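Handing you this structure, nothing more for now.
We call the chains A, B, C, D and E, going by the order they appear; numbering starts again at 1 in every chain.
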Amino acid sequence: MTTLPANKPFRRGPQGADRTWPLLGYAAVTAALLIFLRGSVADGPARLLQPVLFGAFLLSLLFAYQWRAAPWAKTAVFALGIVFVLPFMGRDNTSYFDLVIQMLIFGALALGLNIVVGLAGLLDLGYIAFFAVGAYLWGVFGSPQFAEVSGNAAFATGIDANFFWLFIPLGVLAAALVGVLIGLPVLKLKGDYLAIVTLGLGEVIRIFANNLDVTNGPQGIDAIESAPVPWLNSLAGSLGFAEDQYRLFFLYLLVLVVIGIVILVNYRLDRSKIGRSWIAIREDEVAAQAMGVPLLRTKLLAFASGASFAGAMGVIFAAKQSFIDPKSFDYFQSIGVLSMVILGGMGNIAGVLLGAVVVTMLNLMILPTISEVLQGSFPNINPNLDPSKYQRLIFGLVLVLMMLYRPEGLLPSARRQAEMHQGDDPPPDSLEADNALQSGTAEVLSPGFSTRGENERTGSER
Amino acid sequence: ATTVKIATISPLSGGSSNLGLQIKNGAQLAVNEMKAEFAKAGMTLSLVAYDDQADPATGTAAARRVVADRSVLGVVGTLNSGVAIPASAVLAPSHVTMVSPANTNEKVTDRGLANMNRVCARDDAQGPAGGDFVVNTLKAKKVYVLNDKTPYGQGLADQAEKAMKAKGVTVVQSEGVAAEDRDFTALITKIQTLRPDAIYFGGLYGQVGPFAKQLRDKGITTPIVGGDGYDSDDLTKLAGSGANNIYFTTVAPPLDAVPSAKALATNFQKTFKSDMQGFGLMGYDSAKVVLQGILNAYKAAGNKVPTRTQVERAVRTGTFNLVTGQVKFDKNGDRQTAKMYVIAIKNGARSTAGTVNVVRQ
Amino acid sequence: MSLLNVQGMTKTFGGLTAVNDVTFQVPERSIISVIGPNGAGKTTFFNLITGIYTPDRGSIDLGGRNLLGLRPDQVVDAGISRTFQNIRLFPSMTAEENIMLGRGVRLKSGFWDAVLRSGRFKHDEQEARDTARIMLDFVGLSKWRNELATNLPYGDQRKLEIARALATTPRLVLLDEPAAGMNPRETEDLKALIRRIRDDLGVTVVLIEHDMRLVMTLSENITVLNYGSKLSEGRPHEVRNDPAVMEAYLGRGAAAGEYGKEAGPNV
Amino acid sequence: MDLQTFGTVLLQVLVGGLSLGVLYAIIALGYTMVYGVLQLINFAHSEVFIAGGIVGYLVFEAVQTSPMNGYLKLLLACVAAMVASGLLNVLIERLAYRPLRGAQRLVPLITAIGVSLILQDLLRFLVGLRGQFDLSVPLPQGFSNPITSLLGINISLLNLQVKDLILIGVAAVMLIGLNLLVNRTQLGRAIRAVAHDRQTSGLMGIDANRIISLTFLIGGALGGLGGVMFAMKYQALNAYSGTLPGIKAFTAAVLGGIGSIPGAVLGGLVLGWLETLLGVISLFSSVPGLHWLGAIKAEYKDLGAFLALILILFLKPAGLLGRSAAEKV
Amino acid sequence: MSDPLTAPRPAATGGAPLLELRDLHTYYGQIHALKGLNMTVNPGEIVALIGGNGAGKTTTLRTVSGMMKPKTGSVTYQGQNVSGVPAYTIMQRGMSHVPEGRRIFPQLTVRENLEVGAYTVRDRKVIAERIEEGFSLFPRLRERENQLGGTMSGGEQQMLAIARALMVAPTLLLLDEPSMGLSPLFVEAIFDIVERLNRERGTTILLVEQNASMALGIAHRAYVLQTGEIRLSGAAADIAADESVRKAYLGDE
């Protein structure tokens, strides 16, 4: 029987030989390549190397997290990467800034969803609605839309942009509140019923956003402000950033702080009584309740915590995009975030972040670059073969292949891995295959075709 | 040589790709044509085409990539006002000039952005023109107004509605239908019940085609009126047997209305193996404005590759002689004199029913 | 003075009366068994007490506190915990975590304590961990502490379930067929364990069992259910010799007075 | 609005909602079948279904000018689409889901989404080969004719067309047939057994993989049929037009109680009626006291589906005709 | 009513063993559950397999019925090597398995559970007859014909599981702890049924039981399994008399 190491049963702690020097070496080389080759890969087919170089560099951050190495070396790699390399690249090419901020925003979203789906086992297909709540909250107030809504022309650029600071916690609150309001009626539903209802609720919120006047309907809201931080702007200026990059510079720093908090909260909740309760209800609601876990409250807590991360990031997202519309929050976005969680490794903070990085990079950097390069090379191509049209296909292929070859995710949670690898390569019809399938999420479903209209509830009657 | 690029942002996939491709190909023709001239000035000219899928979020993402690529000096686009409005806002802080061949919504230029210009007329001219047609030519008293819930469709329908009401028309119902929707059952029931004399539908051909088809299929022959969103060859294909009794105003000239476009159309056909349409011509002219602007700025900067800001100013202040006539922008970036056309579709065949001149003071 | 007092409990499913007007008393610090034929309503009776089902009629009180209408988690809080006829551990948690989860109901720290890592939180975590260690020692599973619950042998899973139930510091613990799937040897160990639960921890025990050797030697009192109703009640020897019980439940073996002393093979 | 118009509109809603509802039901059954056997929301079903529509379109187009009887053309289109979509569904299961039998439940869900994306572009490519994005479906002669009388009763005000009747008829036959198949035959029981416990069903001599393939075949074929019906009803489709009806059909399945065939039908009808009603409800604003209905314009018609879903599941957590898992503690 | 167990005996397979396990090694991931198991079951026999918790009894049955694949070694059934053959094909050849934990189909009614049990039987009349047989063996099932399997009590489910396995009139019946959770009265009944199945119908039975004394009471031969290996085998009476067995499994002090 496999026994996990004592004391820290599920920290798949850094293993193997000390790799301090390989880590430093790798980080230094990839960072140097990224920085010094940036000019040579700026144009033409060489641009295809951009994602390669950038990806290689980002890997050094992953290695710093995973490898066994001296703490100072890990800190150094992280610090230099975040403080120097990324801003440097962002200054040189704004799209790196854009990309990194988006990665972190989606990272926080994925972490929030991870609580709901990965820990508590509640499949939420409308998660993006909470993001929308935060985004529209600031979008409406922090843009010319506020003048329309309030009927007061004095707000031609929205309310004082300094309120942005207030709106971040407000976004958290509002999203958490919506989470509780939505959760109360639906959280007693089981399994995929919950999934579909959350999908429906997400759509309801989107349809309202699409038809109400406050949200300016399908036109969306543009010219959304961000907080003015003059001292930071002058700092950015003295660091050589162009004026149109100041905002991103500010948001980059902000988003780093926010995601830091999100990770901390996530980590601490995971390793607490609350985290255990989430896992317990995921695995067996009846037993959890019979062991004293209050079901509804625990689920609501998961819903609200997950939602609050999305709310905060929604506010920041609106400020960064300066434009939001209902389409940015359709169910496909929820699914995108879900795919980050699962692709990365459900239940594992690092895995989920990695999932967000990979998916965002794929969507915002790799696919566009490929299609731009191809298009540049074949300008008169038959429009039906135009590579830029096959982004869905490529994204879909990546999803399918990744899942087929790494169903447990890129960085699986040790807990789940232990679950999955109990029965290594089970025979096609073995018990293991089924057990893993059933224990993945503990909900009890209603399969099969019923012949009678009976409506007997399961387990606890309340 | 320095690399200099212009970009197009337009839908290359999805329901309005027929027009999006026209814009892109038109711009490509202009680039091909002027490559040599740029080379003489020491600039390697090329075009990057971005697909906005007629979706604002995708369009702004493309705009952000344009901003990041410092060799792009100007943008031709977009097709949809809903995309143009946020995309130009993203481009504005970086002073990337944008010349639109097709965006008619007032808000596109009314925000007073320094980088946003257009070579076409506006909806506050187009809506009333459509309204006039409904009242004067169709003699309708009761009109059903529909829009596709995009800034363009909604804005245009609003303008037309206002104009028609001013002329004493009763608007029996004014509502929206999501742009992706192809299920018009409920709307048709309503139309059958309300029995309007005409339907004004502010939308795009990809949706209007099936709408006309389903409507006619139920035996309803009420005229359908709309704007430049109908101006694609695909409209009659999609409407099939329903392509009858459809009228629209458009800001792009029918090719036969512009004699000088003939050579261009031949060239277009040769290069892209497809027919040039009005918006192809508009795309070509828009690209010409940008390119000419770059060259003007180049000269003004003392034969140096100009900055984005310099190009932005050169476009806004220049005078350009183009296939569709002279282009000069006012302080908001609107074309000072533009033309509009009224087109009728009868039994699948289109014909020009009139022209309107628009002059902005 | 009885700890648990159940009066006139009734539950029907559709047309079927699974538990019918059962009155049941459990004295403090006793070991009581509930037996009866398959489908007699024993498990349903447990489900009613623990709040998993709501009774159609009847009352439950624990040490004077009314439990009727409480949710299962509130019942645990009030002092009753249980095990299940079909083992329901949390498979992806270790043995230790399973018990820590059970302890949760007695911990005071909340959301903000966890986020801010307050002193109270640290104290609680330590308490949960200590409880887990003590309970694992108590049931003799210390060696499995960091093993995933699913990987434990069947018999040990049953013991872990008991440990988890005890971690909630109950006043009363309900065990549903704890000896099922155990051989006579293992059943002996279980018997000792149940005695220690009562003697060392002072927890009252009610159990459902079909293993008469266990029931007859362990329980102070036995209640027999049949078709949802109470058929008989009394001390083991009284119940064993009750003709109605023999007929409905024990069969010939019991009539011959052999239970409690297993018959050898081929005798 | 006078009483007669009021009544007419209501009748039209009833009939129009019926034809929309059975269309949802057919599509919903494809979801339900697969969900029933694998507990997988087959996100690719919306594309499987639209693929059927495209095949149907190709057939209609190919035989457009042939003198063949219109119903024969329809039959041809249906058969071709059912075969194509059925096989496509089986292929998808083989390649993308079967290898993941042992994985967590959400993993196949993600591959299903991936497959759905892949198919969207492949279908778009296929349609694009003809230089088109939106397809305009040519129907056989007479399908659009209004039906003025049925069984001697004048029903012209119902506003029915021949194709509506075809749709309703085809759906009725399919639904009844399927219900019999699933509930009255060993196959049906086997599906339900496999659904709950694949391994134990093996102990009953059931080849789970075969049953699963069969289920995908049937579900896909139903999707294909739904696609043809969709193409016939709207005469317009493109590679992406499966998404929204797909979500609504699945919603219908859940609303009715997922896993239940009558439930899917009922769910489909509820959605169909609700949607149609919401689409025209502003007409009733002229009724005294109901002027506020004028605010509910056609753009809110999709809201009905989801609000109904939430409301119904709030009241009946297992859907209208569903029953939740019987799990004894 | 005619006694359900007096149906005609199936033809015997001749002198060869019905089931033969050779050097079987089965794993759960890293866990080596069966370590070179050898065992035979002859036609017409009742063979008991006893052993402590986790000894590998269930794993042995699972390997025989094809629910699990052995890493090495062979399972020969009716003269054919069936190791690695999927369960459903083996089951189609007259084997039946009452699995540990009953594994009732909770969403199917009692009757439907039985019908699924008869999946490989084509003749509707035969199915109806056998359901009748099952009902007369376990009258409780008849009373609950339309109750969902999942809501039956533990013991009722056990009855259903056994009845379901009998639907195919198996040649070889694998029983995994059939008495678990049954009332004493019913435990006796079950052993009675097992014995009569064997005696009157010639069904061969491989029986895993915790209630070793009763199992050895009806078995012809027995194997004692300990941590994946056979420790002892022989005539059931001899095993029952064995001192170490009495101590370890029969609970004698």
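Convention: contacts are C-beta pairs under 8 Å (C-beta built on N, C-alpha and C of every residue); 3 or more make two chains touch, one makes a residue touch a chain.
In UniProt terms the chains read A, D = Branched-chain amino acid ABC transporter permease; C, E = ABC transporter ATP-binding protein.
Quick caveat: nothing in here was measured; it's all calculated off a predicted structure.
Shared contact partners of subunit A and subunit B are D. Per-pair counts of C-beta contacts peak for the chains A-D. A straight line joining the Cα centres of subunit D and subunit E is 45 Å long. Separating the centre of subunit B from that of subunit C, both taken as means of CA atoms, is a distance of 76 Å. Subunit A and subunit D have Cα centroids separated by 33 Å. For this pair, subunit C with subunit D, the centres built from the Cα atoms lie 49 Å apart. Under the contact definition stated at the top, the residues of subunit E that touch 2 or more other chains are 31, 66-67, 86-87, 107-108, 148, 151-153.
Counting partners per residue, subunit C has 13, 43, 52, 84-85, 88, 151 as the residues that reach two or more other chains.
Counting partner chains per residue, subunit A shows two or more touched chains at residues 1-2, 210-211, 286, 290, 383, 389, 416, 422, 428-432, 446-448, 450, 454, 456, 459.
Taken together, the subunit A residues at the contact with subunit B in this complex read 43, 93-96, 98, 210-211, 217-220, 222-223, 243-244, 321-323, 325, 327-328, 364, 368, 371-372, 375-376, 379-380, 383, 386, 388-389.
Against subunit C, in their complex, subunit E makes its touches with residues 31, 50, 52-54, 101, 140, 151-156, 158-159, 177, 180-188, 210, 212-214, 216-217, 236-237, 240, 247-251. Those residues of subunit B that touch subunit A in the shared complex are 3, 12-13, 17, 21, 28, 46-51, 55-57, 60-61, 64-65, 67-69, 71, 82, 85-86, 89-90, 93-94, 111, 149-151, 154, 176, 178-179, 271-272. Of all residues in subunit D, only 186, 189-190, 192-193, 195-197, 199-208, 325-328 touch subunit E in the complex they form. Remark: subunit D residues 5, 8-9, 12-13, 16, 20, 124, 132-134, 136, 138, 144, 146, 159, 161, 234-238, 240-241, 244, 275-276, 278-280, 282-283, 297-299, 301-302 touch subunit B in the complex.
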